[in-house]
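Scrolling down, you'll hit the structures one after another.
In the two complexes below, chain A is the common chain; its partner is chain B in one and chain C in the other.
After this line comes the complex of A and B, so read on.
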């Protein structure tokens, strides 16, 4: 695999991970968390762990984003801290 | 407090990075993990179990006991979600919203008013504003069957390609969640009720554990599928492949039902009345 693409994806994973922690809007955090999971899935696929990548794409980027969004709908959209 | 947390976080992060430096490199053939156990799987998994995808063979056969308890962990998550969130109190909103389907006019009916529940010209809508979107509904109606067929393919084809019970079950659950998002929660619950979900959760775990106990009943070890050769009428190697398929179906059922159950409870705050 081309190392520069790997490096860009790794950088973006770290960026989205920190963004999901830092952002005040919880709906935005859910979307950022989905993007983080999807980029992590690309990273697994690059490393050759296709089964893990598939699980990450379906569970991490797919259903858990929906669950977080539905939890945000029933609680509050602004984070306290 | 915040500064202390940052310092602690930095120290932990540096310790973690320092620890990772000691790890063997990616794909290092002389690392402990790839010098004892992995060669056995690589050389014998196809002749032992007749499953080309090594990951599935390890997950459902060699490490079948581990995967069984992973399924039980997910089952427990659904049980805990029900215990924490499910309420049987009437919903907080005192009024109900209805839409006249031909004209798109919405009615707000206060508590005690006459509701057009049994009329076919009105449909009940959520109290948060929901637009009537024909394009989304039609698209979902067309896409959902394909998602479900793909999910069944992922479960059944886990022997040859990436996938298996967990992934297929999640995709199957996601198709139900998509239906609930583009129509509404009440209609979804009418098709796939709460009791049905609970039954499917428990049945999935039962299929997995029951296969193991059946193997014990046929005078072999727990989850040693080669004991099922007599039942399938095949040789022991092929019986292990079939045993993996049965177990994957159980996992898929349990995971699908758990995902749907989590969505029902989270999206409606346990009331199963108005959802996302």
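After this line comes the complex of A and C, so read on.
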């Protein structure tokens, strides 16, 4: 049962990674990247690496998303590809 | 179908890690927007971290915190099979922090590039650089 949950989250991680690279709106890409990081954090909590999971949830998903959003606000929001 | 059950299904998580690594590499190489390149770099880093963490996982093991250690004088022998290997966790904890530092430096460079060229598309930046060198060469030949 756990294995199937892990598999579903793995496919969702791949999907959100592709979405973060495919979206033309950079703010949307930042939000999709935050969702990707949170799904990875969930995956590591399932694998038993709780310390890595909460570090990723605070640093990877929190601070990274804030940094990317602030950089998008300081530059441009549109992307050609 | 039999190949799928015997070969693909036990290795499906590794195949997805390889896919995530190639996705990050694709984002760094093919995408022309600098912000997309930074996101691709981060996807590549997290794919490698995911691979290392998955090597530490064991079936039927618990998280690496030693239970019932209230008797400080007598340390019972730790049965290592019951605990998940904590060494890759510590290594990848450092890697996450380094990834955020890398992201900060990369985004600072992107903001500086936008201040200089007022675009974050790589081909337009290269076009402006080429035009500047052409103008500089023309000025030099004019003075000669």
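One rule holds for everything that comes next: the second predicted complex is superposed on the first by the 80 of 81 C-alpha atoms of A that agree within 3 Å, B and C clash if a C-alpha of one lies under 4 Å from a C-alpha of the other, contacts with A are read in each partner's own complex, and residues count from 1 in each chain.
As a working rule, a contact is a pair of C-beta atoms (placed from the backbone, for glycine too) under 8 Å apart; a residue touches a chain by one contact, two chains touch by 3 or more.
Please read all numbers here as calculations on a predicted model, not as lab measurements.
By the touch criterion defined above, A:54 reaches chain B but does not reach chain C. Looking at the shared chain after the overlay, A:66 reaches chain B, while chain C stays out of its contact range. Once the two complexes are laid over each other on the shared chain, residue contacts for A:76 go to chain C alone; chain B is not touched.
In the superposed model, A:6 lies in contact with chain C only, and not with chain B.
Once the two structures are superposed, chain B and chain C can be ranked by residues of chain A touched, with C on top. Taken together, the two complexes place residues 47, 50-51, 55, 59, 63, 67, 71, 74 of chain A in contact with chain B and also with chain C.
On chain B, the positions that touch chain A within their shared complex are 26, 53, 55-56, 162-164, 166-167, 170-171, 173-174, 177, 181, 259, 262-263, 266-269, 275-276.
Per the touch definition, chain C reaches chain A in the complex via residues 12-13, 16, 19-20, 23-24, 26-27, 31-33, 35-36, 38-40, 42-43, 46, 49-50, 53-54, 56-57, 61-63, 84, 89, 92-93, 96-97, 99-100, 103-104, 107, 110-111, 114, 119-121. The touching residues of chain A, counted against chain C in their complex, run 6-7, 10-11, 13-14, 17-18, 20-21, 26, 29, 33, 36-37, 40, 43-44, 47-52, 55-56, 59-60, 63-64, 67-68, 71-72, 74-76, 79-81.
Every residue of chain A that touches chain B in the complex is listed here, in rising order: 47, 50-51, 53-55, 58-59, 62-63, 66-67, 69-71, 73-74.
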